[in-house]
Structures are given as structure tokens and as C-alpha cells.
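Think of it as A, B, C, D, E and F in the order they're written, each chain with its own count starting at 1.
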Amino acid sequence: MLKSPLNAALAAPTLLVAGAAPALAQEAVIDKGDVAWMMTASLLVLFMIVPGLSLFYGGLVRAKNMLSVLMQCTLTTSVVMIIWVFWGYSFAFGGGTSPFWGGLGKLFLAGVTLDSTAATFTDGVVLPEYVFIAFQMTFAAITPALIVGAFAERVKFTGVMLFMILWVTFVYFPIAHMVWDGAGLIFNMGAIDFAGGTVVHINAGVAGLVWALILGPRVGYGKDNMAPHSMTLTLVGAAMLWVGWFGFNAGSNLEATSGATLAMLNTFVATAAAVVSWSVVEGLVRGKASMLGAASGMIAGLVAITPACGTTGPVGAIVLGLIVSPVCFYFVTAVKARFKYDDSLDVFGVHGIGGIVGAIMTGILCAPSLGGTGYVVEAGTMGAQVFVQIKAVIVTLLWSGIGSAILIFAVRATVGIRATEEEERVGLDLSSHGEAAYHA
Amino acid sequence: MLKSPLNAALAAPTLLVAGAAPALAQEAVIDKGDVAWMMTASLLVLFMIVPGLSLFYGGLVRAKNMLSVLMQCTLTTSVVMIIWVFWGYSFAFGGGTSPFWGGLGKLFLAGVTLDSTAATFTDGVVLPEYVFIAFQMTFAAITPALIVGAFAERVKFTGVMLFMILWVTFVYFPIAHMVWDGAGLIFNMGAIDFAGGTVVHINAGVAGLVWALILGPRVGYGKDNMAPHSMTLTLVGAAMLWVGWFGFNAGSNLEATSGATLAMLNTFVATAAAVVSWSVVEGLVRGKASMLGAASGMIAGLVAITPACGTTGPVGAIVLGLIVSPVCFYFVTAVKARFKYDDSLDVFGVHGIGGIVGAIMTGILCAPSLGGTGYVVEAGTMGAQVFVQIKAVIVTLLWSGIGSAILIFAVRATVGIRATEEEERVGLDLSSHGEAAYHA
Amino acid sequence: MLKSPLNAALAAPTLLVAGAAPALAQEAVIDKGDVAWMMTASLLVLFMIVPGLSLFYGGLVRAKNMLSVLMQCTLTTSVVMIIWVFWGYSFAFGGGTSPFWGGLGKLFLAGVTLDSTAATFTDGVVLPEYVFIAFQMTFAAITPALIVGAFAERVKFTGVMLFMILWVTFVYFPIAHMVWDGAGLIFNMGAIDFAGGTVVHINAGVAGLVWALILGPRVGYGKDNMAPHSMTLTLVGAAMLWVGWFGFNAGSNLEATSGATLAMLNTFVATAAAVVSWSVVEGLVRGKASMLGAASGMIAGLVAITPACGTTGPVGAIVLGLIVSPVCFYFVTAVKARFKYDDSLDVFGVHGIGGIVGAIMTGILCAPSLGGTGYVVEAGTMGAQVFVQIKAVIVTLLWSGIGSAILIFAVRATVGIRATEEEERVGLDLSSHGEAAYHA
Amino acid sequence: MKFISAIIKPHKLDEVREALTALGVNGLTATEVKGYGRQKGHTEIYRGAEYLVSFLPKIKIEVAVPSDIADAVVEAITNAARTGQIGDGKIFVYALDRAVHIRTGETDQDAL
Amino acid sequence: MKFISAIIKPHKLDEVREALTALGVNGLTATEVKGYGRQKGHTEIYRGAEYLVSFLPKIKIEVAVPSDIADAVVEAITNAARTGQIGDGKIFVYALDRAVHIRTGETDQDAL
Amino acid sequence: MKFISAIIKPHKLDEVREALTALGVNGLTATEVKGYGRQKGHTEIYRGAEYLVSFLPKIKIEVAVPSDIADAVVEAITNAARTGQIGDGKIFVYALDRAVHIRTGETDQDAL
């Protein structure tokens, strides 16, 4: 896929809205197999957020903060879905030709009907635009939800909500446009990001790091026992993320073709390899492989294969999985300990770092010589591809880092971002939501 | 969809059984994309029942009654599936021309083979009858399971089982026939119920209310602390219901077409809107938005969009979601408190009321002027459509209300419907099933 | 399906690799509906393992061993996926003509490209080979994971890992080849095993029994209270297994045709019937139907219908479900108690016995007179078919039983297979993984 | 000062608390315990495994009171906790040497 | 009357209970507690975070008995609970002023 | 010998433990309890149902010590556990007749 900018096409849907280009539209065909797959893929990504991500994160916090995490994930998702219909879809894929955003052409999904179609990576093959909107909406919903892990257990709920509204508007939608829209800045650099390694994971990871730095550590951090209240839920959540991720990765192929099946196989094996390598590293370093380590490797592997899943061979995917875990392990143990910031659930350590490793390796593993499907950059050399991949990462780091910082300060100056020490001690479930997660 | 009664067609399968109408059958085509989608949709509805609904309900009861709820949901589902094959499918879609039931034509799935087909909403496009049977079976299974929430924590297990057998036979199958079969009473009124708002939700909601009234409150109701034993499980269950609901709603389109994708998008955004509006209402009324509130809004939104998902535009769906939560909130807080009956888990307050709001709003939001796909009633006016929607609701309320009452009294007179006070105090898990849900 | 060995075809993919037989490949078509369904089926089987099976098993152990079970399931799955790409796929479906293994033709998926295809049961209809590889990979991953239930709560982690690597290599891959490959020994006997009753369930069940016998009982077995730490998780896991099993069974049809829908309907109703019959038996024997009984019936029913789902009619499937539970119940209560071995979670009692019941009944229920799709054996008589089914079971029992025993002794002689008594008392979570599943 | 420890049925906790506050006792501590006694337990069966559970859930209430009202307190607990059925529990009273109120540092009588 | 409180290893509960019933003690109360002592705890690591767990799970058994059998009871508990390894726990005995049997209203000796 | 039982705020456990070990106390037992007192509880609302939770989570520390250091121990607990805010808890001291060290069989002073 992505062979040539011509059928790059995530921008195309805007050109193909029925009526807009009748001639073209007439020829274009919708295959029910593609529709069936894309509907399945869309609901799989929702499955990743709730219950998946919510449980993965929720299990890692103390019981007294469980509901606050579930609430933050659920409300973020819900609010973003409404925003997506109102202005998000337009900002990202509104058909505008700016390299930075999609314009106002599709506010409130203006002009989208049962006959509207969205292009795929294959000329003449289109999808009902509604399913493209739904699929992309789930990406817009999960990305901000990923950030929750960074400020968990001490953040102020209303501050989170305000931040999320601003963040998707000024950070996510523009980056999605830049990477996936035919008119997008990064897209036209020839960077490969098959399913959203930069847009979703690096983007959220950096925002999480900025949050952790500005918000400061939890009360008692480094002193009190903050062990996960339910490793069981964390593993369940991680497993659900794995299952749902096939919608994320294989769904990004937009068609039920062999390309999607390659993305699926890679998503299986890269993840498996990362689970094994994290466990092996722990076994060597600590003498014991932990369940949380395996779950962390699972996420790291999924994150790393995300940009590469459509352009790498299965063996290359395994190599990528084997590499990403040790890097993330080193980061969440050594580096994080060194800098003493409190990224509660390692959003940056796993999503940010894993995303960067994946983005760069994508430029290497797409090499035909390594079983990949080939380079996308004009130059057509590994060096050039890797260079572009790095450029894409840097643009994302800067845009997300600076943008997030500005927004967090803005929220802190208005509704505030931190719960009081007493609220934090009692737990956010009771203090923010008036409930307790568990009773006899 | 539903444009004209001609291709209304849920009755049609019976006409299209291979052999029955060879000529027609020859022309009719099966698209593998539709089959793939309908199989996915069918398993998604099972996912809604177990684990979805079971966890949503189970988390809301006290730990000592957890297993009893899981057991009631699981056995109800299983028993109904067997009944469906034996006589349920025939009673609902047996091909009979009565407006009230489908007759005995397909007892034990008589005549159904690998070549049998069922019609869709598109002429000439059919499905293997087996998948139509499976898909409809899951609807028949989840509806009675929804009632469990009303008598939870005090009911007698054997009484539940007997009731369920009678209820699907005399209440569910007839109503399913009336609403979805081409020969059905309500169907021919021109009422719109795309995915089962009346058949499933209002129907179960009313039955639940009747149960609560006849059974009486739990021991210690209003006095003891009956807080949910695991809000975590409740949110997980609600999330699974959301994910599975796409099978329920988009599956009801019977084909993987843009119509299904519209139903899917609406099911995403109406639900999101209802989550947000319930939370906002709580925030305004209580100063805090609760996780249970968000979960309740999730279900209310899903229930409300069910009848409307195929005929409303995305913005209309959001409006519907924003409206339904406040209404249900008012009901489960003010109204219920006022009348003091113990509908343990608010089956009526959420499914019944939400279903009614959805059914009526469907008649409004299908208006082309509001982005809808148009009226179905002959008259073709909003007034006429809404009037028919209300008529459909009333018929359902009466049939289900009266029918359920008669059956409950019959069961009470025979095997009994209530556990003893001691059994209730010890908990139904130990007293009815000889187990405890949790151990060290 | 399986009508004639000619299009038996799970070996065929090897013949159809693009290039290998261009002419044929050109004619062969890929239907996107099939691809969509097979991708869905593949991820559903992963869903069965994690979180499904892991929770089903995990809920049944004591809290102090929860993570060890999740860890064993997760790592086994991950390691096997890597092995599958390296040599597993080749050993099973490498294209070799030996009746016992597939040879070395596809080590590291040599020669598999985006254009490679795998045959289905219909001539001229093919699938991208990648999705066939992924689908079969999930079977290879879940089978060894099933064995975990037999040695739970006392096994040595490193021993498990070594065993699994050896077991899939010398037991699973060969048996998969024998049963599903066109060149396979059992396949050519004309035995019917639609979705893996022998390959997966009998195979794992026997291995589990051998483990239990060699490993010996848990410390305090028969004396201490070893009640499941969370029946809730067990039911959730069982329900997820049911939902995922449609991928397992209907996916084994390889196409989204009416054959798949029959497999799906059978998987619904046989399971429902087994849930009911286990509950009824308990009700009669103990006066109370337990949730664990219902969950056990669910698994027993799923196991039993696995080999039969494509060749039995729905009523026959119900009969099978009604029969299997009482047999398994008798086994896990009376028989197991009698022989006093500690198959911790009844892997043999449910998967082994249920699999045997299913395999034999498959030979009966495929009778057209009983609504089945017909015999596969040349002879074409029920007696002949049942005889072949029994032969297949015996071959599996012997191969798996002897093979597993040899491997377990080999592992015991090297890294060891049992935790120390102190480690067992403290719990494997802390002693093997340095974590505790739950905290405040 | 006396220290009174009572084992009661879980669902009686609120009634006992009310009875004590009525006597002007403004503090008490409750603990979830498992009790073994005349009240026989139950069996739980999980597939083939049968377990006899002989320890039943109870609540232990601990309250320190001035000696003069000790009898009244015991009386009040007895009445509030009694159901007349087996398993009602027992009350134990012992001498308390000292009591200290952490927040204020008050001791003995003043600390209760 | 004496009130005996013993901290033991969790898996010793049943043996201790049997030992006591053998002595004719027909009631006792058990509580899950966490103990800190010579027996050192363990460390748990969750990704980068390492926690030292110094409190270990123990069970506290409380039993009120007539003074005359107190020593026999202490003896019995000691023998039943001993494993010889560190962490076996301790037994504490104090005087019991009064005992009341809630259901019957019996007091003192009769209440035990 | 004295037996000291203190009800404290959960997050104060570690500080109290450290204060005691500083005094050479090498063993103690902690129990999760629920306390009712001046510190008012909170209300939780679940849809229509509102519950007043009047028992708050506390930790009970039990430690047996030689009489001579009893006051020092009480002192130490008081200081370590005090936050000055309502809900800090109380300390109760009573006489301990006997103590037995299960593993070694040592008794009384030696057993502590």
C-alpha cells in the first residue's frame, strides 16, 4: 500500500463525495466484504478503549482511584465522538488543501449522505463515507484516552475534560491531517505510518510526558506502596487491546485484501515477540519474569508494529517486537527512575518510546531485501526513508509537546488541573465522583 | 431501509426457502460480505448477553448475589436458544399469515437446509436462512435476560426459569412477529423499529416493572447499604454492551451496505451523547458526575437509538442521545423514589423509558428535514409517523404488561417466585447455587 | 464440506502459492467477504486464549496463583506464535507429502508473499495465504494453553515454557498435519473433525491427564479449601470462549457461506443445550444447579460440537449438547474422585472426555437421516464412519499420551517441573513472578 | 474503664451502633471476622470438589467505655444484637488500664 | 476466665481449630491480620516501581476460656501452630472480666 | 507486660511502625478495621439510591510490650499517628497476663 501518493487516498474521500465527482463516483465500486471488515474494525477500536484501555489502566491504579480512570477514559471517548461529528472530521478530513488542517468544509458532516463514499488505497474501490467517518472517529477517541495514564490518581476531573476538548482540536486533528490526508505535510514527505504510530502513540506519549512534568508526582510517590490494585484487570485490558488492535492495524488497510491479512499476521507475531522479549529481559535482569512485564511487552509490541504492519514481512515484525521491549524496559526502569517524573502508568515510556522505535524501524523493515513491501520516499533508499521517518517523528514531538504544554497551562490557569492533597488521599473515586469501586 | 412494505421482508425468508419459490430463489444472490457481517453481528449479540449484560447487572448487586445474576442470565439465554429451535423461530417467523404469530410451519426448523435463504431489505439479495435464524435467536435470548435486573437479589431460581419459558412463548415471540414479520400487526401499521426498541427494550422494561410490583422490595430495601459490589464489572459490562450493540443495530440492516454504516455511526454518537448528558445532569444536580451515571447513560443512549439508528442522521442521533439521559435520570431518581417499588437495577427506568423515548423520537428524527431517511407511514407526515410510533408503544405496553402479570401470577401459584428471607439474607449464591463468587 | 478428498484442501494452499501453479492461481478467486470473515475468525480465536481461557482458568485457582496462570497462558501463546512462523507452519502445512508432518518447505514462511493463496473447500475459491497462516496459528497457540489447567498451582514456570516448545513441535504440529493436511494420516482415513476436536481438545486433554499423573497433586489437595478465587472471572472467561469459539468453528469453514452459518448455529445451540443439561443433572443430583456447573457445561458443549459443527443439523447439535454434559459431569465427579489424580481444572475431564464424545457422535450425527450432511468415509455407512472416528481418537490418544509423557520426563530431568512446597504455599505469583494479583 | 468486645451477626451492626450512640457512646471500632461455634457452617461444591465452610462471617465490635456505663453498654448490645437464633454471638468485657486520644493527647476517661 | 489471642500462620488455622475442639472449646473467632516481626517480608516490582512488603498475612485467633483450661489451650495452640520456622507467631493471654452469651443471656462461665 | 491496641489512620501505619522499631519493638500486628466516631463519614449515591457511610477505614495496631517501655510506646504511637485532624484515633492499654512465642516456646518477657 501507499506505493504512490496518487492512491494514498485518505484525503480522497473528500473528492469522491457523490455528486462532487459523479463520473468517478459511478465507476467506483463498494465491496460488501470491505464494508463488513471496516464495520468490524471500527467496533474493535471502540473495544480497545472501553473496556480495553480502561481496564489496562484501571487495574494499574489503587482501588480508590479505579473509577476515576474508567470515568476519564469513558467521558473523553464520548466527548471526542461528539466533537468529531461537529468539527473534528472536518478539521482532519474536511477536504481543505492546507498541509495543516482539513478546513471547515464538513462541519456537522455537511454533505455526507448514504451515497457519499470514501476512497481506499485501490483506485475505483470505495467505502461508504459513514464507515470511514466511524473508523477514523475511533482513532480520534482512543488517542486522548491514552494520555489518561500519565496524570492518573491526582488529576482534577473537570480539568481533564476541558483539556481533552482543546487537545483534540489543536493537536490531534491537525496531526491526523498532516499524516493521513493527501494534502498533509507529513504525508507528502513520504513518511510511512500505516496505522498511526506517530498520530496516535507518539502524539499521546509526548502529551503524557508533558502532563507528568507539569502536574508533578502523586502524594507519597516513591514512598507509599502504589502497587496495581488488580493485575488481573490489567492483563485483561492488555489482551483486549491486542484483540481490538487488529481493527486498528488491519482496518487501516481499508479493504479486506491480502494487505490487511499481512497487517494482521504482523500484529500477531510482533506482539508475541515483544511479550517474550520483555519477559526474557526481566528474567535476565531480575531472575523473574512478571505478568506486568508481559503485559507491558504486549502493548510495546502493538505500538511498535502499528506504523510498520502494512509494509513489513512477518519475520521482520518479529525482529521489531524483539527489539522494542528491551528499549521500553530500559526506559521505564532506568531512565524514568533517573529523571524522577511521575508518568503514573508509563504512557511515554511505552507509547512514546515504543512509537518512536516503531516509526524509525518502519523505515528499515520496509526494505524489500528484508521482506518488506518497499520504500515510499521518492529517493527510494533506506537512508532516505529512515530520514523521513525521523523527520515525521520530530514534527510530531514538537507539535504535540509544545501544543500540549500550552493547553495544560491554559487549563491550569482556568479550571485547574490538580486535586487537593486530601482528595488525593481519600481517592478520586469518592472525592471526584462520589462512589467507591468495590463493596461487599 | 424500510422504504416500502414490499421489501420489508423479515417475513420474506419464509417465502424464499429454497424450493418454495425456485424461480425467485435462483435469481436471488447471497453476498459473502453480507454473510460475514451477519455472522459477526450474531456473535456480537451473544457477547452482549454473556459476558456483557451479565457483568453489567452482576456488578450492581451485592457480592452474595453475584452468581445468581450470572446464572439467571446464562440459563435464560441457553434455555431460550433451545426453545427457539424447537418452536420459537416458528412462532415468530414460521411463515404464518396471522398478524399475531408465525404459526407452526417451522417447528424444529422443519424444512430449513443449507440452501434455504432469508430475504433482506433489498430485492434479490438474500442470506442463508441459518444466519437469519441465529441472528434473530440472539434477540430472543437477550430480551428475557434483560428482565433479570428487575427481580435480582430476591427471586427464586426455579420460578425464573419457568417464567422465562412461558414469557418468550406468549409474549416475546408474538411481539417479534407483530413488529418484524411482513404479516405482523405493528409492522403493517407502518411503525419504524429498526433494531428492536419496542420488541426488546420496552417489552423487557415493562415486564421488569410488573415483576418489581408483584415481587415486592428486597429485605432491607431503603435501609441496608445495597451498593454495587463492583462498579468496575458494571462499567466493563456496559462497555461490552456498547461494543456488541453494533451487531444488534448495524446487524439489523441484514446487509453490509451504507445503511448499516449509518446505523453504526448513529450507535456510536447517540451513545456518546447520552453518556455526556447523563454526566452533565449529575454534575449540575449533585455537583459530581458518577461512573454509574455515565454507564447508565451509555445504556440509555443505546436503547434510545435502537429503533432510530437506520432512519436518523448522525446529528439527529446526537440530539436523541442528549435528550434520553435526562429523562431516564429523572425517572430512576425522582419517579422511582416517589412510587417506592424496587426495580433493583432499573430495567424499566432505563430500558422501558429509554425505549419509549427512542420509539417516539424515531418518528420525529426520520424526517428528511432533520437529516432522516423519511417517513414510512402512508400519510407520510411527521404527525402520522409519531402517532403510529405511539400506537406501537401502547400495543407493546399492554401486551407485555398484561401478559407478564398473568405469567408471574401463574408461576407464583405453582413453583413460587420468591426466596425466603433467610435465603435472601445469606445471599442467593449460597442458598440457590451452593457457591460463593469470591474466595481468597 | 469435506465431501471429497480432492477439495479437502487444507494442504492445497501449498499447491496454490502464486507462481507455483500460475494457471490455477489465475482462475482462483479471492472473495473479500471470505477474507473479512477469516480475519474476524482469527482474532476471535486469540480472544479465546487471552482474555478468554486465561480468565476461565485464572478464576478457578486461588488468588495467590492467579498471575501464574495468566502468565503461563500468555507466554505459551506468544512463544508458540513465534515458533509457528519459524518452523510450526512448515511442520504442519509445509507441503510435504508425509502422512506425519509437513516437512521443511516453509520454514520462516519461505516463499509466502502477498500474492500467495491457500485453498478453501470450494474449488477455485482461495484465501490470501497470510490469513490462513494466522488462523491456523491461533489454533496452534490455544491448544498448548489448554493444558495449563492440568498443572496449575504447583508447576515450575521455566519447565512449562520448555515443555510447550517441545510439545507443539513433536505433538501438535504432527497431529494437525495428520488430521487437516490432504496428505495427513487421519485425514485420509476419512475421519471428520471439522474444527479440531481431536487436534485441539482430545490432544490437550490427554496431555493434561499425563501431566497431572506425573506431577502429582497440589500440597493440601483434598484437605485445604481450594475454592475458585473468582467464579465471576471464570464465567466471564467461559462466555468469552463461547463468543470466540464462533471464529474457531465457523471460521474452520474458511468461507462465509451457508456452511459457516450452520456451524455457527450449531455452536450456539449445542452449547446452550450442554449448559442446560449440566445444570439439570446438578439440580437432580445435588438439588442445586451451580454457576460453575453451567460454565463447565458451556465448555463441554463447545468442545463436543467442535468436530461436528459442520456436518450436523441444529437438532442433532442440541442432542449432542444434552448428552455431553452428563458424561463429563460423571467424569469430573465420580471417576476423577475414584482415581484421585489432581487434574486441577479438569482439562481431561472436560476437554478430553468432551472431545471424545464429540468425535464419536460426529460419526453418528452426520447421518443425513438425522439431519446431517452425510458420511465422508468411502463405505458411506454410519458404522464405518463411527469406526473411523474412533480410530482417529485412538491415534490421537496414543500419539499425544506417549509423546507428552516422554517430553514431561525430559523436562523434569532437565529444568524441572515442580515448584518447591514453600513456593507453592506462598503462591506462584510471588514465588515465580514476584508480584501479587490484588492490592488495596 | 472497660473494654468491650462483641461478636455479632453482620446485619446487626447498624442496630447495635444506634443503640450505643443512644447511650452516649460516641466511638467504636468494627472488624470483619470469621466465627466458629455452635452455628454450623455450610458446604460448597465446585465441580468434583466439596468444601465444608465452618467459619461464618461475623462482625466484631470493640468499644472502650467508662466503667460506670459498662453494664448498660453490654445490655444495649445484647438487646440490639439478639435475633434468638443460633449464631448471635458473644460479648467479652475486660479491664482497660489506659486510653489515649491521639489527636488531643487527652487520656483515660477524657479519651473515650 | 481468660481471653486468649494467638497470631498464627494462615494455613495452620484448621489444625488449631481441631486442637481446640478436641479440648472441648466450642467456639472461637478468627481474623485476617498482617504481621510484622522477625520474619522478613518480600519485594514486589511493578515495572519501574519496587515495593518492600514488610507485613505478612497472618491469622489471629481469639478464644475466651475458663481459667482452668487456659494453660491447656495455650499448650494446644502452641503445638498445633508450630512449624519451627520463623513466623510461627505468638500467643497472648489476658484476664476476662465478663462474658455474655447474646442469644441466651447466659453470663461468664456459662457463656463460653 | 502490657498489650497496646491503637486505632490509627491507614496512611500512618508505616510511620508508626518505624517509630516502634526505633524503640526496639520487633513485632506488631495490624488489622484493617472500620471506625465510627466524631469524624463524620460520607454519602455515596448509586443512581437513585443514596447511602450514608458512617464507618471509615482505619488500621488497628496491636503490640505486646514489657511494662517498662509501655509509656514510651504509647508516646511514640501518639506522635507518629497524630495529624491533628479529626479521625486520628485512640490508643488502648491493658494488662497482659502471659505471652508465648510459638516457635521457641519462650514465655512472657522473652516472648515479646
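One rule holds in what follows: contacts are C-beta pairs under 8 Å (C-beta built on N, C-alpha and C of every residue); 3 or more make two chains touch, one makes a residue touch a chain.
As the structure is a computational prediction, the values presented were derived from the model and not from experiment.
Under the contact definition, chain A and chain D share the contacting chains B, C, E, F. Path length between chain B and chain E in the touching-chain graph (shortest route): 2.
Path length between chain B and chain F in the touching-chain graph (shortest route): 1.
For the self-contact between chain A and chain B, the two sides draw on mostly distinct residue numbers; the shared fraction is below half. Its interface matching that of B-F in over half of the contact pairs by residue number, A-E stands out among A-F, C-E or A-E. Between A-F and A-E, more contacting C-beta pairs join the chains of A-E. Distance between chain B and chain D, defined via averaged C-alpha coordinates, is recorded as 47 Å.
The distance from the centre of chain C to the centre of chain D, each centre being the mean of the chain's C-alpha atoms, comes to 53 Å.
Mean C-alpha positions place chain A and chain C at a centre distance of 33 Å. Counting only residues that touch two or more partner chains, chain D has 31, 44-46, 94-95.
Along chain B, residues 31-34, 36-37, 40, 225, 227-228, 230, 286, 290, 292, 434-436 each make contact with two or more other chains. The set of touching chain pairs reads A-B, A-C, A-E, A-F, B-C, B-D, B-F, C-D, C-E, D-E, D-F, E-F, using the touch definition from the header.
Touching chain E in their complex are the following residues of chain D: 2, 6-8, 31-38, 54-55, 58, 60, 74, 77-78, 81-95.
Interface residues of chain C facing chain B in the complex, by the touch rule stated above, are 31-34, 36-37, 40, 44, 62-64, 225, 227-232, 235-236, 239-240, 242-243, 246, 250, 255-262, 264-265, 268-269, 271-273, 275-276, 279, 286, 288-292, 294-295, 298, 313-315, 318, 373. Those residues of chain C that touch chain D in the shared complex are 60, 225-228, 286, 290, 292-293, 296, 332-333, 336-337, 346, 349. Looking at the complex, you find that chain A touches chain F at residues 220, 224, 425, 430, 434-436.
Residues of chain E that touch chain A in their complex: 44-49, 51, 53.
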